[in-house]
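What follows is chain A paired twice: with chain B in the first complex and chain C in the second.
Up next is the complex of A and B:
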């Protein structure tokens, strides 16, 4: 061989990278810059727009509806971290045992909802929650639990929880396969050593599996946060953010403000606020959890 | 209880728990599948029973009267072009990021990583404004651009890490033989990457096919809507007739389910690798 592959000229490299960079600038960077620009204006999409400085942002900070929608994002996120990650972890541990039957079948079935369009998941759960023809009320009737029947998607007090269930349902499979891959990568000797020391099933999970999976858990929590900061599709088709604004999340609020009321200036400010809050939370969680890795 | 008994019951409980969750995952989908073959009357008598006779006319109606065929066509068009572009751009970008060191490499890398973290729905309104100012709304080809952009980061990272695991000798040999960069890239490296490229194709297809908010906002005319958006119109028309509605839902997810059942191993592998990378 002898000759090593030389680095091409700078211009050649950037020539090849050009399409990726251009499309990225056009779809991510320029819109971001534009919306920062428009967030300083009172603008409803027409020709006239008034420069109002930081007014949109000061309004945003005092906008109870915006913070309410952020609160909804947080509720969904916390419930998802507990529900998706918790259930996925338990199932992953079980699926790893040698005596489990139909492992491949379970994995395939549990992952299936992940590939469905979120819109379709919303519709399916609309049918499940439906007053007269829904599975949920049907099952409750069958169990003689009529008193538990609720207008699942019409009661402002519970609607945010009702729309969270499909989100948890859809994404358990993703974390399941991530956790399974992580558990598989734990070397068998670690468990063997523990067994010699007398550790049994449950103890092995708590003292070996969990700590060995710490990095994976961290990634999973961050995925969960970033995924739930942008939820929109299923809530959009299930309730449209209603009744009132009781199930409105940030993306829905930006959508309503921009395309319902056509306040594009303020809609831009909401979008920027949403991006800052999401990135802030992701960085915060990375910092909080990153610290502990060093110790362990 | 003795130790053996305890272990046996843990096993039993675990298997039952697993089965319960699997049923909860699959049953709603199966319910929608088989109920779509009932007629409205039969469905309202018993929502859970299997259909006594098969009413395929729900599908005919969804497909033609509900105009789902048009939305399917639009989705196919957008998906094919988006996936093609994603693979091409992702492959070239991933290759250069993994093989060469150059000025700005780390900045680019960070930029694409940022693309994985930035909550894309925050770009919904900004992108709409940009498209409106440039008169790009309502063009299927321009809907492709955001789809490609949001599929790119994962694809780039998967390809980049795959290429790093491939020995460089083949490319060096081609260089010694006088092959230029482009032909090395597409004649030698591209075929070697076939496994990771097919994973990327499947995952980006699923993402594009399922994508809703940008298709909702950037396309207005009925004739150009993709299936997730078209389906919301369809559902709006048939809110009372459940089996009809379910047939519509099924038409829209059949491609996804078929792809999944044929290729789930690939999909699962790719998603694990992508998630851990992020």
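Up next is the complex of A and C:
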């Protein structure tokens, strides 16, 4: 640490940043600008485009299907915050306990789904939910709970919950790792002090662990919201947004509009709407979670 | 040889780059149209891009025939290098539209009937009229109705690749016998009664896999709709001459489809399995019927167990009471064609034409027939002993049938998207026939 930090010239800094910026420019900024541009047109591909100003947006605001798909996004997001973060937190606390054996092994197994491609996860869960051959219905039959058997991916009332379960399952591992790292950085003295004061396991979690990792939790919630606002692949593989529109999320709706109906202008407007709503939600969550002072 | 290939690669890469920008102008030695190429080794090497749905693993006879033609073409034209990409049906439909939006279509590709107008309006595909007129032998071979399917605003935009009926009922005679149904129902009432009888016996009356959303529309509604509305109504819809989707007969056809699902004709997981999976429960004897096009004949012949194969027969939907449509009509047509990129010029264009000719000529028709599929051209000479009995039954039945339009072969993508999504909802009683008809009509008016 005694060494002086290097003090590079501006040209060096920008030189190293350049490749990253170029890539970012081409895969994010330019497509985004193009989307904004296209959203002012009625366009079905090809050469002819009609400029229609804000018409696409006024249509979007009145589009019940868009708001329905936004509602689906919200369901997935809320369940994910509760499911992913909740389960990950509980597991993280348990894995920190002294009596847990094979800590690394558990961590790896729980993390495994994170590295699986969404398509694989989708297919696995399609098999699990399968009407005749699915393991879920098989287990229910084995437990003599035949009455619980549902057409999991065909009943419009439950399909959005059915497709959320794999999403929750897949991402628990990621938050588990984040939370474990955060918990490990809490100084041991704090716990020792609490133990002397007579705090038991549960109280330690509520009064020490939770407040001490509040910042991590905030970041995790933000990641969770942004991840679920753009969710697409899992649901696309499992149901394609069906039956009808029952499990259609915003990204799927934009996809259907752009590449199914081939209304590329309106599809772009939907994507821009998605960005605005996601940003709004993230800002809202940051406002609600506020500064770092909690019940001290 | 190796050196030549390298050179060829270099040259064609340059050409590809040029045409990719929409300025394919390799101005050297343009051949005068129509002449057959073949064993021309002196010509400069040509590189063609080909995008299709001809998967190596497919058991569909039409695909097998086309694959064989591509292999033969490669052998006969060593100077033409084909870089091919084969995709699954649903993926292909999306990708080709995406490429079209970027004006980046491959040199030769499969064109879906409902995309034809949009592609043609955007001047993305080469009209084939002149080329076909210069090759009368080629043109003469086509079944005339298939050419009509790909005539847009008076121009022929693609060479039809097959002759489909999309709405055949494959049924298991043995199951029908066991349920006491002596022959396939002739009226709608008998049909629904039969379904209830089959249901009571514990069978799935109709196995349906509608996850990809086109099966209910292309294989059932296209024909069921025609039973109620008659083909004149559809022509009026297509030419925008006053017919509406909210017209009573069309609404009735939606109601009839919904009635089928209400009496439990379909399996509960119909919206989460696809058309390959719908055959599975038929193959293992749990389902009495399924609806699919004639492409399923060859798939069934190679996939199903022998005892199921022996019991399988074909039928079409019974008449609808008071419907305007004829009883001997099956929804059918070419549905898909091979199209050529409008940007092609010179040798590349000639090679593309030769390839499409090979893919849709009488040779292909003969191979297709031996593999139990009907090409868009009339087969002239094929080994009848190679054909499975079910295919002969189909050809026999086909003689007395007339064709009605396939909805997704003819209507625009926006209408089809709304219809396909809506049908999933209709089948699970989430939308009324009236409401769905209204939705489709408003999409129709908006395009």
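Here, the second predicted complex is superposed on the first by the 272 of 296 C-alpha atoms of A that agree within 3 Å, B and C clash if a C-alpha of one lies under 4 Å from a C-alpha of the other, contacts with A are read in each partner's own complex, and residues count from 1 in each chain.
Throughout what follows, a residue touches a chain if its C-beta (ideal position, glycine included) is under 8 Å from a C-beta of that chain, and two chains touch if they have at least 3 such contacts.
Not measured: the values here are computed from a predicted model.
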item	value
Contacts of A:229 with chain B and chain C, given as first, second, both or neither	first
Partner chain(s) touched by A:196 [first = chain B, second = chain C, both, neither]	neither
Touching partner for A:173 - first (chain B), second (chain C), both, neither	first
Which superposed partner A:64 touches (first chain B, second chain C, both, neither)	neither
Touched partner set for A:259, first chain B, second chain C, both or neither	both
Chain A: partner with more touched residues, chain B or chain C	B
Touched partner set for A:143, first chain B, second chain C, both or neither	neither
Touching both chain B and chain C, residues of chain A	45, 130, 132, 259, 264
Residues of chain C that touch chain A when the two form their complex	94, 97-98, 100-103, 118-119, 121-124, 211-213, 267-273, 281, 413-414, 417-418, 421-422, 424-425, 427-428, 430-431
Residues on chain A engaged by chain C in the complex (per definition of touch)	44-48, 126, 129-132, 151-156, 238-240, 242-246, 256, 259-264
For the chain B and chain A complex, residues of the former touching the latter	7, 10-11, 14-15, 17-19, 21-22, 24-26, 28-29, 31-32, 43-44, 47-48, 88-90, 92-93, 96, 99-103, 108, 111-112, 114-115, 117-130, 132-133, 145-146, 148-149, 152, 156, 168-169, 171-173, 175-176, 181, 185, 206, 209-210, 212-213, 217, 227-228, 231-232, 235, 242, 245-246, 249, 252-253, 256-257, 259-260, 264, 267-268, 271-272, 275-276, 278
Chain B-touching residues of chain A, taken from the complex the two chains share	1-8, 10, 12-13, 16-17, 19-21, 23-24, 26-28, 30-32, 34-35, 38, 45, 87, 90-91, 94-95, 97, 99-101, 105-120, 123-125, 127-128, 130, 132-135, 138, 169, 172-174, 177-178, 181, 201, 216, 219-220, 222-223, 226, 229-230, 232-233, 236-237, 251, 254-255, 258-259, 264, 267-268, 270-272, 274-275, 278-279, 282
